[in-house]
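Comments concern the structure below.
Should a chain be cited, it is by its letter among A, B, C and D, assigned in written order, with residues numbered from 1 in that chain.
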Amino acid sequence: MDIFDFPSGREGYYGDYGGVFLPEILHGTIQELQECFRLCRKDEQFWSEYMEILKNYSGRPTPITHLPNLSKKLGGAQIYVKRDDLNHTGSHKINNVIGQGLLCKRLGKRRVIAETGAGQHGFATATMAARFGFDCTIYMGEVDVARQRPNVFWMQNLGAQVIAVTDGQKTLKDAINECMRDWVSNMGDTHYVLGTACGPHPFPEMVSWFQSVIGREARDQLLELTGRLPDRVYACVGGGSNAIGIFQGFLDHDSVELIGCEAGGLGVGSNLHAARLAYKDASVGVAQGFKTYFLQNEQGNMLKTHSVAAGLDYMGINPIFPHLWEEGKVRFEAATDEEVKEALRLIMKSEGLIPALETAHAFVTAIKEAPQMGPTEIILINQSGRGDKDIFTIAEALGDQEWKSFINEKSDQYRRELC
Amino acid sequence: MEVIHQRKVRPISQRAMLVSLADYISEKRKTKDILIMAHVVCGFPSFEDNMKALDIMQSKGVDLVELQFPFSEPSADGPLFVQANEESLKSGTTVDQCFDFMKEVTSLFSFKVLMMGYYNTVFKMGEEEFLRRLANAGGAGFILPDLPLEEAVNLNSVAIAEDLAPIVLMTPTSSDQRLAKLGAASYGMVYVIARKGVTGSKTIIGDSVLKLVERCRKHTDVPIAVGFGISGREDVDALSGHADVAVVGSAALRAWKQSGASGLHDLFSSLSR
Amino acid sequence: MDIFDFPSGREGYYGDYGGVFLPEILHGTIQELQECFRLCRKDEQFWSEYMEILKNYSGRPTPITHLPNLSKKLGGAQIYVKRDDLNHTGSHKINNVIGQGLLCKRLGKRRVIAETGAGQHGFATATMAARFGFDCTIYMGEVDVARQRPNVFWMQNLGAQVIAVTDGQKTLKDAINECMRDWVSNMGDTHYVLGTACGPHPFPEMVSWFQSVIGREARDQLLELTGRLPDRVYACVGGGSNAIGIFQGFLDHDSVELIGCEAGGLGVGSNLHAARLAYKDASVGVAQGFKTYFLQNEQGNMLKTHSVAAGLDYMGINPIFPHLWEEGKVRFEAATDEEVKEALRLIMKSEGLIPALETAHAFVTAIKEAPQMGPTEIILINQSGRGDKDIFTIAEALGDQEWKSFINEKSDQYRRELC
Amino acid sequence: MEVIHQRKVRPISQRAMLVSLADYISEKRKTKDILIMAHVVCGFPSFEDNMKALDIMQSKGVDLVELQFPFSEPSADGPLFVQANEESLKSGTTVDQCFDFMKEVTSLFSFKVLMMGYYNTVFKMGEEEFLRRLANAGGAGFILPDLPLEEAVNLNSVAIAEDLAPIVLMTPTSSDQRLAKLGAASYGMVYVIARKGVTGSKTIIGDSVLKLVERCRKHTDVPIAVGFGISGREDVDALSGHADVAVVGSAALRAWKQSGASGLHDLFSSLSR
């Protein structure tokens, strides 16, 4: 199944979703980008240059790890994890960013901008910009700046300018709006490195293509390790890039069930979540350049979303997903903040892995379902990132008093230094 | 909506009805070198204040007004309008209220009124329903900055059939080929964006803007409005003789925020001729 | 050259250095360990099981990254970096820990203990223990607990008990003493996972063997990438495990110069450093189970050491090194705290890498020497770890006011919550 | 060293000289079921306090004393001694002072004195020099817990030639084979470690300890001391008839720290018979 084999006149559309909804002023820019991407996509040289950098700079291929302890404890399917947390900068975001960096070079542009929620995409973009020699501006909602400060620190030290966005909900979606505003002003020398498979065409296709490296590797590795395909593949879905990345390894295999795990926040009916397809609160709309399911009110204004994981705290979704969902190709589930904390504890203690809060959403769903599966069945979870970046959030979520005392002492020390 | 009831005593005699947008502009241009289009964000700071502002605009001879329906993701707008959109929504503004307000405005004032907003407002309501309500509210057309021509085929053709003008935007980055395509689709009025960027910051109306207008003129027969960063008499004068309409957007909101009704009064006094 | 081919009667000695200086009560324990290690070392099965876990759990092989920007800026040799920072848990420490975990299983023990300075070894050990199902206690100097708090947090969440050591200088060496004290009490069911190539035989040999994976990979990868061996190899030297690890790939090649980079702290003559061989302040002694160069006074009492990098802040050194140094096989240099900060800034901005503070010592020396080398010459630096763990130290070292304000705000928030 | 000068008035008549350690113990054992060996950390809290403690020990019939030379890495010691080592070094104690002090002690008191410490103290000074100075200070031997037999070959043989006893330690983890080896190397006295662990915490002297002593006895002819966690009369009684010497280490330091000279006095009163 080639989801990118668009019917004529429907380029950039996945069923009813996708498209390009941009201000006229970006018409040429987005066309140039589409054109350039089309050429790169056809150019084997491009892909091998891309893979070369991922290998030598980011450490790909990332391995697949079997979790014997967790599998045994749950007493059902055998659980395997694709380790994109082992990438340079700690998440799958680097895949996309390296790809767009190469593209940006081909476009002859000297500056990149990016939105970031969890900070992982901003961190990856700042890293890529340092490496490729681009100027770099990162837009980040003020709320996210506060909850992902360590990443802000690193972005700045990597030479990026980080701008806290104070409009709207002050999270990921507002950072995207700010990027659009920058882009319509500076498209001449600036490429917008969108961080997830959202936004106007060709972004969903392009980001998906770069992230497909996860699924390609994972399928081959799992076959090598176990001699067979997985029965189910779980991935968390924020914008939906890591999920489409790993799913692409298995779309052609009907025996493999694909499960997207969204942010359930405070749960069904709470109105404080970011579950677009798993809950019933979202509807089709057009915003931020594309058509998809959005958490919005009847008027078409976006609702406040919430997740303990900044990277999932977004009201829209990869336009490919509503299509695959309607086609019955991907099932959607949601994990609540509370469930995520529990799963995190369990995984750390039983296997020595520290998934990012985003990733932990995929674990929650897998942990719920594994016991109902047979011992010869195989589950594959995409570990999209590591939890190091989340230390403040996790320490707070787990109510760690020692951490708080440590921060208080540090603060006292800093204040004394001022005197 | 209470605004409407408070205002229902006003005469509706000045209402411009059943005159299509292009004709309205051509007619007015016979006596005026250049027309003025003003911009109001519905419900910011309040519908009452909107009404006061429109009163002043009418009194100062403003010819057209865009009524912006607030949207939660106004990504083509600059900080001033972003904040206005946000505040308006926060105070509870709905699309229904905006249409009701538009209906009152078109019944009270003689300037032409365009809906301005983002496509999702239209999409969520349904395109036909949107057009029906726009016509019913007396609107002369609509400006949807995030809806490119390719996605607007159905909406625009139905609109044109109803003599509602789907305002086409032409920009400094548009190629001749693109301008030709935009021109071919233009109806009622074309909106030329004077520069890159979002609304709000000042544009110097110099040769490059005038050349752009000239280029655009080659591709369309309908009247041309120029906007983005027009902030005073000087800009309007510079456009005079080149464009048909000068759009005064952020400048008006800035004047209102800085000095209220009197600031707005002064701004439009200086623009009127 | 096989440094582990001991002359008869001199097992565990490297020239004059090494040996076993342990309380009699550990005699049987250390013999059992030596025996078990000897068997494992001969057992190809063991090594392949070891490599299997490193591959599937930790993500080995780690790549080699060329640094074109830095090389160009310095205008001399081409600089390459071995990326052990991409390992699971973020440093080379995991190599050793996985190896000793396997050994511990063979020994039939159920509990592991470890000292830690930078926290990386403790983090790695806690991770391994979670994965292998061992109980785990980590000893860490109180000073290090304060400067490496994020690692403490993760260790605890991985299920390890972390004990702050309040004796002595309250750093790495004191944590080692505490481990010895635990070990003489609990040797029956407890394996002491020493974190570096120090301590009594077989630890230096064993840790070196496990870390040799770095050098084996690096040699092959560099040959593949460049067609030749490096001219110089740089590695930071705390206890000396990552350095001996990478050097082992090149010991047989006389054309390759090996440079160990120690912690110069506040510099020569400051008495606040941890340079055992690069400066002239150390002398031969016996402590913590082995004979080597120690920073000690004429009485044989250990001197206070200092380094901005907790992982280098140790008064002893891998006993193999004084031997290789005397043989002219390894040159030693030191980098000061100030130089380390400068290098860190440069590397982050020019290549998008964030080396650990420890690792940055190797960069300092390489950066000093690269400009004097020719453009066809090749430098290889071992990036032993990533700097994420050092965020507090680096933010403080770089005087980052925004970081401090963030911590102050967090502290205010935590204090408010208490009310 | 000022301590020495303040104390130089004391008689040296009681000094036990030129009697080798094993003979000294055997001789004393003729009249005593079990001897007592006490432990003092040189320079902690001060040499003056050390001297006061030794005075009490002498008066209460203590037979042997280990003088611990403080070391910065006392990894075989428990918290109490660790802290004592640390404090002593902090206050500036040197090896020279320790030897001078030992010299004074051996000249003032009749109990036998052993140097106790870590090997690095010996190594840094040089083994021969160390032995020379130990002999000169009147020491009867030395206990170096971190120096295993294999590394002690040279030191011990030179020591034995000088009739200085290199105290061999036997432990609960030692195999019979190992005990045989240790026994063969024993000279002057063997120190049996009553349990695993470091100094300081309490040991119950039960069957397992007594059996260990018995096992050790099979492998050596020299007198046997038992130590680690012996804290009172009960323990000493339990060992009586099995071991030749009971080592009271941390218990004495604990008594001193808790109640000073009087605490120490009470402890050794309860032990003396």
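General remarks:
Note that in this section a contact is a pair of C-beta atoms (placed from the backbone, for glycine too) under 8 Å apart; a residue touches a chain by one contact, two chains touch by 3 or more.
Since we're looking at a predicted model, the values are computed, not measured.
Least step count on the touch graph, chain A to chain D: 2. With chains reduced to the mean position of their C-alpha atoms, the one farthest from chain D is B.
Rounded to whole angstrom, the centroid-to-centroid distance between chain B and chain D, based on C-alpha atoms, equals 99 Å.
Inter-chain centre distance (chain B to chain C, centres taken as mean C-alpha positions): 67 Å.
Here the CA centre of chain A is 38 Å from the CA centre of chain B. Averaged C-alpha coordinates give centres for chain A and chain C that are 33 Å from one another. Across the assembly, chain A contributes no residue in contact with two or more other chains.
Of all residues in chain B, none touches 2 or more other chains. The touch graph of these protein chains is an open line.
Contact annotation for chain pairs lists A-B, A-C, C-D, with touch applied as defined. Interface of chain A with chain B (complex): residues 19-29, 167-168, 173, 176-177, 180-181, 184-188, 283-289, 291, 294, 296, 298-302. Contact residues on chain D toward chain C in their complex (touch as defined above): 70-79, 82-83, 86, 89, 94-95, 118-121, 123-125, 145-151, 169-175, 178, 182, 193, 196-198. Only residues 55-59, 62-66, 69, 83, 86-88, 90, 126-131, 133, 146, 149-150, 152-154, 156-159, 225, 345, 348-352, 354, 388-389, 391-392, 394-395, 398, 400, 402-404, 406-412, 414-415 of chain A touch chain C when the two sit together in their complex.
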